[in-house]
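All chains are identified by letter, namely A, B, C, D and E, in their written order; residue positions are counted from 1 within each chain.
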Amino acid sequence: KERIILATTTSTDNTGLLAVLLPPFEEKFNVEVHIIAVGTGRALELGRNGDADVVLVHAREQELEFVEQGYGVNRLDVMYNDFVVLGPKSDPAGVASASSVLEAFKKIAENKSVFISRGDNSGTHVKELDIWALAGITPEGNWYRAVGQGMGASINIADQSGGYILSDRGTYLSYKDQTDLVIVFQGDELLFNPYGIMAVNPELHPHVKFDLAMELVNYFVSEEAIEIINSFLVAGEQLFFTYND
Amino acid sequence: MDYIVRAVIQAVQLITSFDDSVISIASLSIRVSLTSTLIASLIGIPIGFILGTCKFRGRSLLTSILNTLLSIPTVVVGLAVYSVISRRGPLGELGLLFTPTAIIIGQTILALPIISALTMNATRDMDRVLWNTAVSLGSSRVQAAILLLKHARFAIVGAVIAGFGRVVAEVGASMMLGGNIANYTRTLTTAISLETSKGDFSFAIALGIILLLVSFSVNLGVYFFQQWTRRASIKTGERYS
Amino acid sequence: MDYIVRAVIQAVQLITSFDDSVISIASLSIRVSLTSTLIASLIGIPIGFILGTCKFRGRSLLTSILNTLLSIPTVVVGLAVYSVISRRGPLGELGLLFTPTAIIIGQTILALPIISALTMNATRDMDRVLWNTAVSLGSSRVQAAILLLKHARFAIVGAVIAGFGRVVAEVGASMMLGGNIANYTRTLTTAISLETSKGDFSFAIALGIILLLVSFSVNLGVYFFQQWTRRASIKTGERYS
Amino acid sequence: MNSNVFEIKNLKKSYGKKTIIDIDHLAISRDGITCLMGRNGSGKTTLIRLLALVEQPDSGEILFNGEPLPKSERERLALRRKMGVIWQNPAMFNMTVYQNLILALRLRGIDKKTIEQKAEEISERLSLYSLWNKFPSQLSGGESQKVSIARTLIYSPEIIFVDEPNTYLDEDNQRITEEIVMNYVQEEKKTAIIVTHSSDQAQRLAKNIVRLVNGKVAPGSPE
Amino acid sequence: MNSNVFEIKNLKKSYGKKTIIDIDHLAISRDGITCLMGRNGSGKTTLIRLLALVEQPDSGEILFNGEPLPKSERERLALRRKMGVIWQNPAMFNMTVYQNLILALRLRGIDKKTIEQKAEEISERLSLYSLWNKFPSQLSGGESQKVSIARTLIYSPEIIFVDEPNTYLDEDNQRITEEIVMNYVQEEKKTAIIVTHSSDQAQRLAKNIVRLVNGKVAPGSPE
């Protein structure tokens, strides 16, 4: 069997979506899709080096840059979910009453409540930095802790230190049982988390399986895939949304 | 403590249910780690022996360098090998990245320093008289080296076991070079790291327990093999005692 | 290869610029790893010595178990300690999690098996005659044990160095227990893992090179200490030779 | 005080299934030199290991100055420090000859000055100065035997066991060693138990000769 | 054919700054036994190491059967396999006595049947049967010396070096060993070079006596 390598982010793979989404494709084309689940930065680096055939990540700016520099072709928006702000039930900074995520972040900073940052250039980290920038705050000081770890581990650290954290909803849902943190803020447009897929440019890397890669990219936006994505539930909630409305 | 109790129960369940995917993951771990330990032993034991027994200028510098290599982080070895076998690297055309072979390459490099260093230590305290005895009984240099290694076999086997321990437990190189692809390059350690990142700590520990059981079986295998060779060697003369 | 070349350049730049954060990361790594190696040696060398020299029922089983512990994945140790010192764990009130002390605890547990196992191997091949000699010269049991360890010092120092190598290079426990918090619990290996996940491979390798340099200095320190004690011991009798 | 330094009753020691020592009764006098003789493998070295408290018998009793050997490790250590064994095989620790030489004194916490003085004394008698800075692997056979003798005599034990003193020694050094031991026993009134294969030497030195045959005391030996 | 097995010219060997061997000229005859004597540390063992090709001299020449010792490792190995050394210190490999005994035969790739037969022969002569399954650390001093003698004689070397044959042996075993060596030289016409500290033994056995003094051949020795 031929194989095609899909580099994606840990959070995407950990939700279990790909495990239901890919088998129909694999069967149809008699191919094995090998998933390399890593950080966003590393996924794009694998694409740049030609070590992956397809890249699926959630960091729009970086994706566009990736395509602009000629590493990726045929980038498509696949789906989106959203980020949520997690915090302790007691909500010491009173984030729940905020009207926007910017206000929520301001409250945390003013209150000097502990805030855990991924600090790893992941899609989530980049989003968090965007929000701080828009809120006009340079986060620094003892309350702001960059831990440089994956989403799950970071949630756990936030839980242990009774702090706030920005998380993608998928990871939070799969962690729900094991953490005391709750969603203290959600629903702002800014927290929109779009996923994009793209094939690695065969002109730079002649060895990539471009034809199969294109089939896979197209499959992600096919009727069949959309159906699967929209009916995919975690803890009874729909996690990913497509653009077909 | 919670996690640990739950982990033990889960480990028992996984083992008694002969879970297919766990079996395939465990068997990949064993295969890959045994292969790399074997290759590293074939290269590392002679290197260690030479460093341990031959006196030459710069030996103590080499010793220090070898000892330093003990502390090379697994992910750095992973990265270094990656940069060679990545598509852009000099060996990119072989398409080794994200295959079990890639893991074996990385693990071999990881096992080499520890096996050499421990062989060096084992043969360093050894008596010159033993070498003279071996040589005067008619050993070629290679035969004499083998005899001395046999003489210090506890420590040599220990070196190999430590090498195996290092690679079967490592995750950095396996993750980097194998990619943790389900049913293909997922080893016990990359699976553990995956479960940890998912937050399923007790499942991660359960897999850790399975890894230890796997490793225990390998160690028992080594033990029985040693017993058996020893008994066999005694058998030879049994008639007369 | 690209990465490696760039990494070497970057490493040189980092070192020559005395980058503050790199220095604090490196010094945390050294402090934490030396401390845990020291504690593990104090516990592990006696254990290994007893397993190596005393004959008792069940010794070979214990040996196999000890060898098995060599392959305990760092992240599993991290998880196990985590479940004890996390806020919900039995020692949660001490607030150890995500402090350097937590890393030391994890690393000590990691270094213990390798130091004990290698000490065991080093003392196992040892001649019973040496023990008799020590005892009949008037050593207490402890003094005799120390004498035998001194006799096999190459291998014992080797065991300690291997233990240091294991902990300074490990990432699983440091990450899990320290939390990789910038300026507080970020060690060289957790920083490397962070840079790797960012895709900044050459920076990761540069940090790896710094880690090796750090470790090389420690090894040189050990080497010069040995030379110095040896010279000092010879000095004692110099007048007369 | 009892005139026997050791008295042995029903002593047994086995390795595996084979009984190595099986002595009904044997007394070793405090005065003069006792020579222990017997064929290779008859159990001489094993007996010394038992008497010098480095090994425990399987059964039976050893009386030292009329009293049973102590059970507590503390007392056993104190007793062992009064004894000295020059083993058959001169195993040495991987340290300089000087350090090997003064080891027993260091173990007893003797002060530095006394140590130096004693080291010089014994080195003078056995011409060891030139070896002080060597390591054991650099010694000739006879040189290591000399060091092995010196490191035991240096702390003047009350009782010395010497397992084949002539091993590796040239005729001069054999004579010197013999003189030292004789002097030790006659002038300093210490006790010596010597294993030797030379009937001549036994005749020359011994007040009593004990003969072991397959671990048993041969008839004709004292008791 | 030359009547000397070895002829030594201007041979020098030092350890560190100290010259251990410094021989202008020495010839060792093929026939009969040559005894090597000298005080402890005079260089006897070192000379054997050089003659038996386990160590290289610093300078000078050793002729074997009139020809210089070969340079290539292959030829040196072939030559070494004709020689046998019974070392002063009977170091044994941590394997059973039987395995130590047949080691040299195994190294030469001899077939199993011959090996068994030779092992029985030599064990008969030195009463070694009961030791076959022991490990070296379980042997008495004399027992290890016997094994050490047997494992060299088992492959019938053309030339044997024996560094203090009497070490650890009781009087019977000393006599047996002497007989074996005499028989070896007289009946089988092999060459033996023996180090001994006993003038009696040297007188009894030796056709020639070489005396070393501080690494030099003493006047009065042959040449």
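Here is the rule we go by: a contact is a pair of C-beta atoms (placed from the backbone, for glycine too) under 8 Å apart; a residue touches a chain by one contact, two chains touch by 3 or more.
Keep in mind that what you see is a predicted model, and the values were worked out from it rather than measured.
K.L.:
Spelling it out: a chain qualifies if it touches chain A and also touches chain B; which chains qualify?
P.N.:
Neighbours common to chain A and chain B are C.
K.L.:
Which pair, B-D or B-E, has more C-beta contacts?
P.N.:
Spelling it out, more C-beta pairs touch across B-E than across the other pair.
K.L.:
Work out the mean Cα position per chain and let me know which chain is farthest from chain C.
P.N.:
For chain C, the chain whose C-alpha mean is farthest off is E.
K.L.:
Could you grab the centroid distance between chain A and chain E? Build each centroid from C-alpha atoms only and quote it in angstrom.
P.N.:
Here chain A and chain E have centroids separated by 79 Å.
K.L.:
Taking each chain's centre as the mean of its CA atoms, how far is chain B from chain E in angstrom?
P.N.:
43
K.L.:
Taking the mean of the C-alpha atoms as each chain's centre, how many Å separate chain A from chain C?
P.N.:
Chain centroid spacing, chain A to chain C, equals 37 Å.
K.L.:
Which chain E residues reach two or more other chains?
P.N.:
89, 94
K.L.:
If you look at chain B, which of its residues touch at least two other chains?
P.N.:
Expected reply: 88, 125, 127, 151-152, 196, 201.
K.L.:
Out of chain A, which residues touch more than one other chain, so two or more?
P.N.:
As it turns out, chain A has residues touching two or more other chains at 150, 153.
K.L.:
Report the complete set of touching chain pairs.
P.N.:
Applying the touch criterion to every chain pair yields A-B, A-C, B-C, B-D, B-E, C-D, C-E, D-E.
K.L.:
Can you name the residues of chain C that touch chain A in the complex?
P.N.:
Listed in rising order, the residues are 86-87, 97-98, 175-176, 179-182, 184, 186, 190-191, 193-194, 196-201.
K.L.:
What does chain B use to touch chain C in their complex?
P.N.:
Result: residues 1-4, 60, 63-65, 67-76, 79-80, 82-84, 88-90, 114, 117-118, 120-122, 124-125, 151-152, 154-155, 158-159, 161-162, 164-166, 168-172, 176, 188-189, 192-193, 196, 201, 204-205, 208, 211-212, 215-216, 219-220, 222-223 of chain B touch chain C.
K.L.:
What part of chain E is in contact with chain B in the complex they form?
P.N.:
Spelled out, the residues of chain E in touch with chain B are 49, 52-54, 73, 77, 80-81, 83-85, 87, 89, 91-99, 103-104, 107-108, 120, 123, 129-130, 132-133, 151-152, 155.
K.L.:
Spell out the part of chain E that touches chain D in their complex, as residue ranges.
P.N.:
Answer in residue numbers: 15, 38-41, 45, 88-89, 138, 140-143, 145-146, 163-164, 167-174, 197-199.
K.L.:
State the interface residues of chain C toward chain E in the complex, per the touch definition above.
P.N.:
That would be residues 125, 127-128 of chain C.
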